[in-house]
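These notes open a run of structures that come right after.
Two complexes are shown next, each including chain A; its partner changes from chain B in the first to chain C in the second.
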Partner chain A sequence: MTGLLRRHPALLPGVLFAAFLLLAPLFAQRGMLNDLWNMAFFVVLATAWNLLGGFAGQVSLGYSAFVGIGAYTTVLLANAGWSPWLTLPIGAALAAAFSVVVGLPTFRLRGPYFTIATIGVGEAVRVIASGLEFTGGSSGLRMPAGTFDFNANYYAMVVLALLTLALVAWLQRHAFGLGLDAIRQDIDAAEALGVPSTRAKLQAHAISSALVAIAGGLFAVNFQFISPGSVFDFRLSLTIVLMPIVGGMGTMTGPVVGALLFSYLQIKLLASPVLRDSYLFIYGGLLIVVMLFEPKGIVGLWERLIALRPRRQAPPPVGEVRRAS
Partner chain B sequence: MPAEEGKILAVSSVSKRFGGLLALDSVSFEVQRGEIFSVIGPNGAGKTTLFSCLVGTYPPTAGSVRFRGEELKGLRNDQVVARGLVRTHQIVKPFRDMTVSDNVRVGVLYGRLRLRGAKARERVDEVLSRTQLGHRAQAKAGILSIGELKRLEIARALATGPEVLCLDEVMGGLNPAEIQQAMALVRALRDSGLTILMIEHHVHAVAGLSDRLVVLNFGKKIAEGRPAEALRDPAVVAAYLGDETKEARA
Partner chain C sequence: MEKFVVVALNSLLTAGLYATMSYGLAVIYGVMRIINLAHAGLMMLAAYATWALNDRFGLDPFLSIVIVAPAFFLLGMGLYATVIRWLPRSSAGPSMQSLLLLFGVWLVLQNLAYAIWGGDTQSILTPYTMESIPIFGGRFGVPQILVFVVSILSLVGLNLVLRRTYLGKAIRAVTQNRDAAMLSGVNAGQIAAVAFGIGTAFAAMGGSMLSALYAFTPDFGRSFLLKAFCIIVLGGMESFTGVAVGALVLAFIENFASAYTAIPVSYQDAISFTLLVVVLVAAPGGLPGLWRLLDRRVVAR
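And now, the complex of A and B:
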């Protein structure tokens, strides 16, 4: 651990924040813990989405489908007598399987055509969930009584967020991440060098949708009630995309920054009766500003500021190794 | 010439149709192991289309491509690379946001060799030094000159560990000194045991390097043989200079 920190000093704030999240229940109020839970939830969604959307450049607007699959799996199985914990891997597996079924046809499309197709998939799943009897139709489903344990759910979401960050960071540093980066930059060149692009995209899709589905399961436990309007909502899909874009797509810190900013805004705005429905509006404004001035998001702006600052010491040597293979 | 002789690539009756255009019309030839084999022809003759059909960028409409006795038709590009046949792109396709070293690493990690760890790093360094890009290893590919980008195309393809290297106009846009350098590189690659299949417009390079060549015109093979003979073939002269008009040399 200390060795890792010495090699990557940039990890220090992350480690401190992780420690804060894990220790918070010892001193923080319930309201603050709720906010932190919410932040961790959005960190999972944004970071997992970024694996496919940011690193591989496949911008999907259908991720609420995976939140919903995870949430519905948990509620349905819990009502059948399962422990909510055991439902999480089932939801993850179902979401991963569904991501492959969706990915096989849609990954044949490129750029905006892929994105448009994923909107269709997300909406189709919402309409189906609203129409089916066993999903409770548009009125939704309730968790069975006695399944709520705030502390356990808080820790589960925080641990999931940390594991998601660790997994995505690990993948990014290895061959898989380099392959995704190659696909994003030039898919034809990537294939010409032997990158199996469709398989890599399917794998990234499956991993990220499984993580998102686990978050969806914990969402269901936390709120004890779900409906197509809450977990299959297109606005949720949009939120999942906006966080990494505003924070900085294809970076590790970008989606986290976007998620923290978004959950903070949402909490503040929801508390205000005048502004409660305007958070997407404000976020849209932020999106426009980011797109106009720095396509790499807040992280890109920050890096430019750092570069502007007069240097006190010599720049790092050119031979600095950025990525270990 | 390397010790192991014999044909490594057999192209038979390969055709490619794009809608109403027959881009390749039943093209056949064989490449021997250790050869430098050129594909030449005027613009639009179907040379790059031929390369795309060989490596599986898209499938040929008809015909067969056999590499070391194995049928390649129906395999995806990445599967063909894994078997040891790789191509470069005439219009260079660098990963611009990646360092030169990471560009090459993609080929090392994913090609035929699929090396990891220290072996992968060694291979990256070796390929960079063979293609004289070592000093640019940590530069972003987006800032390279055209000569360096052409070498990066070769370096990435070489990194995959091919047996046959298909070079699509790697000398286009280079100055005379860079062309000399590129010719020396192609010769060195062949001498290291590779078989080279190359599309080239530069006549001096083609004549100086090729053991044999085929000439394509409007998708058809119009000549084949040693450069000295094939380049003098009346059909080839007509294809390049026109039948009756006396247009300027390309």
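And now, the complex of A and C:
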């Protein structure tokens, strides 16, 4: 048991936190549960994005497209009489298929060019979705009545967040995650060592977009109303990108820290009328600071602080040895 | 035929504006190998500055360029000295770090504008906003024509600076080969600061003119940023002529697509966004790259 804990230092706090989230409906108020739902939603988005953006270094600014695909699949099928739960895998599959369609051409581009192309794709999707008839245009669509059950939705989102974390952590520790890491460090060297870089990127894109789409479906169920302006919004795309970058790209804890910080700030700042529209100001400032001083974000800053503290013996953290670059 | 001429003239008018707003992006990319995502935020800020000058002092949006552009030149130099200068220099193309840093600058500018002016849509109304002049059977708005004239003047002025002055020659030298330019005694750091100032001033000019044509919010500028990027990729990323050609090509494609095909006007932006992805993927060298490719084939034959 102690050996297991030493090898996986995040296991114990993780299990405790998971237990807290799952037991929260027994004692917490509705308002707090709402906040927790919000946090879990952002944890899913940030962690899933981090698989492609952090581990493989392919920074995509077009992820709202996948939230939108998941949300619209759920609303449209639910209005056709489906159970909302059954629509989630369909949305995930559609998003994964779309991610391949987008990825095949754009993964030929490298670094910033890929990022710019994803802004183009995301904006094109938003413009087209706003013009289409079946998305409800700019006025949006409503879920059918009687599909809202807060507790079920709460559990679904928390379980999704935990599964996402477990899946990404598992992937990171296996050959697939190592391949993505190699792609981030040097794509040509990775290719030379036998990493099928395009296939690996497409797979990472498909997995993360499917997870994001499921979160999008639950978003639609929770808010009961969606429009292209809410789910295909560029601000959503950039929120998804900012959380893992400010928290710490390419780490497991970074996106979670970023998501918790973001949802906390959002909840606090949305309450103040002055800052309601400009809450991203703080995140923009953080992004500048992070890019200038500590590209690994809050997690990197924390590791530096730890390293500053004198210690008798400081064994290198196990998970980090191989990612020294 | 008449329709063709009118659509072509409309495209030409649009192209002037597009070239002005794209040139700032191109000069910064050329000298520093940075994709300036803050360009959109700077255009938006210039639009608000123009609006504020018009609102307070009744200044004409086109006259206010005389104040706004130099002010933004200084702002750009300041931005360079405080933020951009500290970026590690990358020799092989733009780095992710610089892109994200400027993205942060954009976010700060955008949300500053939200905090100061709120999210309401603003627009500038001048006595001639609704006026138009008949040319070749079509009617052309006076603001559009003024924008075209100012754009051409600014581009001619810039071209003179680039060809005739030491500063212009130094900018072109650093763009072509930074190391060789430094070996010849060009202070590349200083040139970079000035180039960032010029790029910002051109973003401001674009923003001022856009504010005379369109309504805007703090979220304004994103679609124009993407269009500008599409234009400089089409133009081969660094050359002055390339930007002009790219602007013409994009303006013609957009205008003719909405005039002659069934694509609705609301999808006009989607055309340029799709074109951006297609050009990046299929012809990363832009039109000059394609031209060289064709040229080589002909010679080989």
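The working rule: the second predicted complex is superposed on the first by the 304 of 325 C-alpha atoms of A that agree within 3 Å, B and C clash if a C-alpha of one lies under 4 Å from a C-alpha of the other, contacts with A are read in each partner's own complex, and residues count from 1 in each chain.
Just so we're on the same page, a residue touches a chain if its C-beta (ideal position, glycine included) is under 8 Å from a C-beta of that chain, and two chains touch if they have at least 3 such contacts.
No experiment lies behind these values; they were computed from the predicted model shown.
S.K.: One more residue to check, A:267. First (chain B), second (chain C), both or neither?
M.R.: After superposing on A, A:267 lies clear of both chain B and chain C.
S.K.: Which partner chains sit in contact with A:278 here, chain B, chain C, both or neither? Use first/second/both/neither.
M.R.: The second partner, chain C, only.
S.K.: Examine A:301 and indicate which partner it touches, taking first as chain B and second as chain C; both and neither are also allowed.
M.R.: neither
S.K.: For A:169, is the partner it touches chain B (first), chain C (second), both, or none of the two (neither)?
M.R.: neither
S.K.: For A:287, using the defined touch cut-off, is the partner it touches chain B, chain C, both, or neither? Pick first, second, both or neither.
M.R.: In the superposition, A:287 contacts chain C only.
S.K.: With the two structures laid over each other on chain A, which partner does A:93 touch: chain B (first), chain C (second), both, or neither?
M.R.: neither
S.K.: Please output the residues of chain B touching chain A within their complex, sorted ascending.
M.R.: 55, 57, 76-79, 81-82, 86-87, 89, 93-99, 102, 105-112, 116-117, 120-121, 124, 137-139, 156-157, 159-160
S.K.: Across the complex, what residues on chain A touch chain B?
M.R.: Those in contact with chain B are residues 175, 178-179, 181-182, 185-186, 188-197, 318-320, 322-323, 325.
S.K.: Which chain A residues qualify as touching chain C in the complex?
M.R.: Touching chain C from chain A are residues 57, 59, 105-106, 108-113, 115-117, 119-121, 123-124, 127-128, 130-131, 234, 238, 245, 274-275, 277-281, 283-288, 290-292, 295.
S.K.: For the complex, give me every residue of chain C touching chain A.
M.R.: 35, 83, 86-87, 93-101, 103-108, 110-112, 114-115, 118-119, 218-219, 222-223, 226, 229-230, 264, 266-267, 269-270, 273-274, 276-277, 280-281, 284
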